[in-house]
Amino acid sequence: MPETSAELRHELAVANRILGHEGVIDAFGHVSMRHPGDAGRYLLSRSRAPALVEPDDILEFTLDSEPVKPPTVQLYAERVIHGEIYKARPDVVAVCHHHAAAIMPFCISGDPVVPVFHLGAAMGPVAPFWDSRDDFGDTNLLVVKPEEGASLARALGGHSMVLMRRHGATVVARGLRELVFRAIYSCDNARYLSEAKKLGNFGPLTPGEITLAQALYERPNTHTRAWEYWATRLAKRGGMPAPQPAAKPAKKVTKKLTAKSVKSKGRKRR
Amino acid sequence: MPETSAELRHELAVANRILGHEGVIDAFGHVSMRHPGDAGRYLLSRSRAPALVEPDDILEFTLDSEPVKPPTVQLYAERVIHGEIYKARPDVVAVCHHHAAAIMPFCISGDPVVPVFHLGAAMGPVAPFWDSRDDFGDTNLLVVKPEEGASLARALGGHSMVLMRRHGATVVARGLRELVFRAIYSCDNARYLSEAKKLGNFGPLTPGEITLAQALYERPNTHTRAWEYWATRLAKRGGMPAPQPAAKPAKKVTKKLTAKSVKSKGRKRR
Amino acid sequence: MPETSAELRHELAVANRILGHEGVIDAFGHVSMRHPGDAGRYLLSRSRAPALVEPDDILEFTLDSEPVKPPTVQLYAERVIHGEIYKARPDVVAVCHHHAAAIMPFCISGDPVVPVFHLGAAMGPVAPFWDSRDDFGDTNLLVVKPEEGASLARALGGHSMVLMRRHGATVVARGLRELVFRAIYSCDNARYLSEAKKLGNFGPLTPGEITLAQALYERPNTHTRAWEYWATRLAKRGGMPAPQPAAKPAKKVTKKLTAKSVKSKGRKRR
Amino acid sequence: MPETSAELRHELAVANRILGHEGVIDAFGHVSMRHPGDAGRYLLSRSRAPALVEPDDILEFTLDSEPVKPPTVQLYAERVIHGEIYKARPDVVAVCHHHAAAIMPFCISGDPVVPVFHLGAAMGPVAPFWDSRDDFGDTNLLVVKPEEGASLARALGGHSMVLMRRHGATVVARGLRELVFRAIYSCDNARYLSEAKKLGNFGPLTPGEITLAQALYERPNTHTRAWEYWATRLAKRGGMPAPQPAAKPAKKVTKKLTAKSVKSKGRKRR
């Protein structure tokens, strides 16, 4: 792994926690990113509520969703969702699987989720449906076998989000911050769409509007502004992970350390 | 009571508080567990909002819902709900009675609550209805007489949850963490079902899916992951009960203790 | 005023703040109680958001809603709501006027609010409607003239709550804690009723159930349990008013006070 | 800029943060005010989530929405909304553009938002609609060109709020606190209207009621009471900007300052 891996694990932990704090994920669901130094691997936490993920919880997996090092901890049962999508979609750099309250009514009713406001265009033109029953009949609804993950990846196709009947959604993106942005605003879109349907008729965005607006929400400075907002909200509620270690730790430490300086150093490092 | 009773009372207090913090219970409702050392008794707080229950509030009751020791405090009026279910259902180890906002519309409308997503299967195939009017006509709707509790237990039958018309719900489980899991996710299920019905049609899980998924949500490691999440959320909001005393206090304490070491020891113990 | 007046003002401030914290009242609305030593007067805050009311903000008014002492602060414009109800209803000891989100849809649509669950019976059999247009035509919708307050009091009649078309609600009770209880649970009742109506049909409580259950929610120990819950929630969020002064301040204060002891004494008193 | 500019920037930052904290604005949206010393300029933050705006983030713009000083930071793309409205409406002193959850369903469904309760009258008789498609066809839905801003300003006309199809709303007022008041209560109005429509019929305020009530909500003491409430809520959650510097710093500082007095002075100033 490259030198930047500690920072990456920290960023991935923050992404997990933001999605927990903003109500996209609860005790379940998971968030991964492709390994920046090896396209054949991805980074994902051990089995743990995303809102609690620490950088040290993050492990490396092959695209067959096998842990690179023999694991000593419990792993997410559904990690093939991530591995099979990374296999099928070389452009995808980050994946989130969730069961957000905003999208569950659509997963249950089968009503399509289409973008109905400018920020909703971040999800693309429509979220296709995947139904585990089509290929696998009665299951416990989890996606745990490689062929289940591959089936889901086929349903996703070239889209940015796939809805899973009676289960949840999986969102993909070309970067971690784009993923967080898309996951949060596709939930907002579903929420507003649901309320608009109860009020009466509604008209979705046109294909042209979707293309133009989606381009807008793939720009890094858009993500940066939103990320600062969500990260600050998280930090104010005491939700940040342990601080990341310095990228390049000092090689030499002077001998004369008072008890106090050791303590504050410890805080910085830990 | 066994040596572990202090830990059990602490765990039961935390279960009460998690259900309060996650919006299942407000000022009313109650959570009990069967006595692990005596199947003919159960543990339940004195009359108090569950979010405030301390380990010392927890008392022992016979299955006739009589306090084992003469009480000096106010007791829950509806404790026969617990006693009569423990009598009728030897497999049940924990019981929660609540009036969660998520299920009240169903208790009022009489619409059935059926599982509509994988985690919803934790509640089993369907929640039967109990109507106090059927056996007792006009009452104040509380379940206070043994025959009222027994009637409710009959309506529950072999199920995991029973809905009480114009009143609330009672959930049962084979363990305290399973109970918390089931109570929270059956509320989520009701919420999503309600929204899906407003959107249009919906199809419930198949019997096969329910059986397979419910098995999944009876596994301890599933509960552990969710419990860690809910307990951490509770702790971050300052909602934890007073810490439990050490299970086996040290018999001997060495004499040479500085003021500082005593203080930190105190913190650990208290 | 009797010796207990400092405690009463503190209790009234807490009632104001609980109703603010639990979402019944926002920047507007107000909560009063009849003067316990003089049935011809009532206590009400100066014009201020109820969530911010301090004991020192509370003033005395005659039943004509005139301040007993010449005021140096802004007064609530709608205090005739309180005065006219205290005149018309000798049994009423506490009054709350609010615009809670839970009841506004009913005030706007004109759908009746009837009790649909046991705790909802705290509001009594039904909340009558008052429409300012009936007696006064186009107004700014505030109740500011004595005749407007008297008209509202007539619509309230012997009930516990009156809904005000396109405006809000006024709730009355025979005690301050009963008032808080009734205001909060009538909002819950409206919320559940609204959702049940969207699901489909619903059946209200029978007259017999309402009478039996309402009796239950007029008992002090019911209010005490709920009050402890709401007050603790408020306190945990830092929402309590400045502590009440000791009921019987020491007659003698020793001369030798250090700066420090004066300061901490100040805190206790303030 | 006049001597009061530091206070004004602080007040504008607080307005931004209140609207963020009360759920009107999230990561996007923006709040401006006309320059009190130069009607040809306005004050607006650099591109940043409004909940995070600091007084130092606030910049000056001409009515053509050009920064008065060459910017070193990212600017809001949609600032022509502000500039074009200030041009078209000399009476307008403050502008807020938002995408609040409460109004989005109306922006999507096209249902009109009309005042349905007394505080809702703060928005005036009705919010007209603007549809970017009418003049500009397919766009990314942002309002970035001067002609787009001018088109929106024409749709606003003499009203207090304009709804933007599939996008959001823009609210205007004759003062910053009136703006915050109007933005928050128009959202409440939309929320209650939406729920009332789901319950059944509803009747809006009469033109006479709107005129009389709106006059009420343009009074400074009404805004002051609500502002104190919202600002206190914000402060309790740690949401206030850095304190404003003293408007007129002392010219002379006496020499004899203990370390302690310097520190407390520092706190007051910073």
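As written, the chains take the letters A, B, C and D, and residue 1 is the first residue of each chain.
By our rule, a residue touches a chain if its C-beta (ideal position, glycine included) is under 8 Å from a C-beta of that chain, and two chains touch if they have at least 3 such contacts.
Note that the structure is a prediction, hence the values are computed from the model and not measured.
K.L.:
Determine whether chain C and chain D, two copies of the same sequence, contact each other through the same residue numbers or different ones, counting it as same when over half of the numbers at the interface appear on both sides.
P.N.:
Shared-number fraction below one half, so different.
K.L.:
Can you compute the centre-to-centre distance for chain C and chain D, using the mean CA position of each chain? Integer Å is fine.
P.N.:
32
K.L.:
If you average the CA atoms of chain A and of chain C, how far apart do the two points sit, in angstrom?
P.N.:
46
K.L.:
Which chain C residues touch at least two other chains?
P.N.:
Residues 197-198 of chain C each touch two or more of the other chains.
K.L.:
Among line, ring, star, complete and other, which one matches the pattern of chain touches?
P.N.:
Shape = ring; chains linked end to end, path closes on itself.
K.L.:
Which bits of chain C are touching chain B when the two form their complex?
P.N.:
Those residues of chain C that touch chain B are 116-119, 121, 188, 191-193, 195-203, 205-206, 208-209, 212-213, 215-216, 221, 225-226, 228-230, 232-233, 236.
K.L.:
In their complex, what parts of chain C are in touch with chain D?
P.N.:
The touching residues are 26-28, 47-49, 51-52, 74, 99, 101, 104-111, 133, 137-142, 166-168, 194, 197-198, 237-239.
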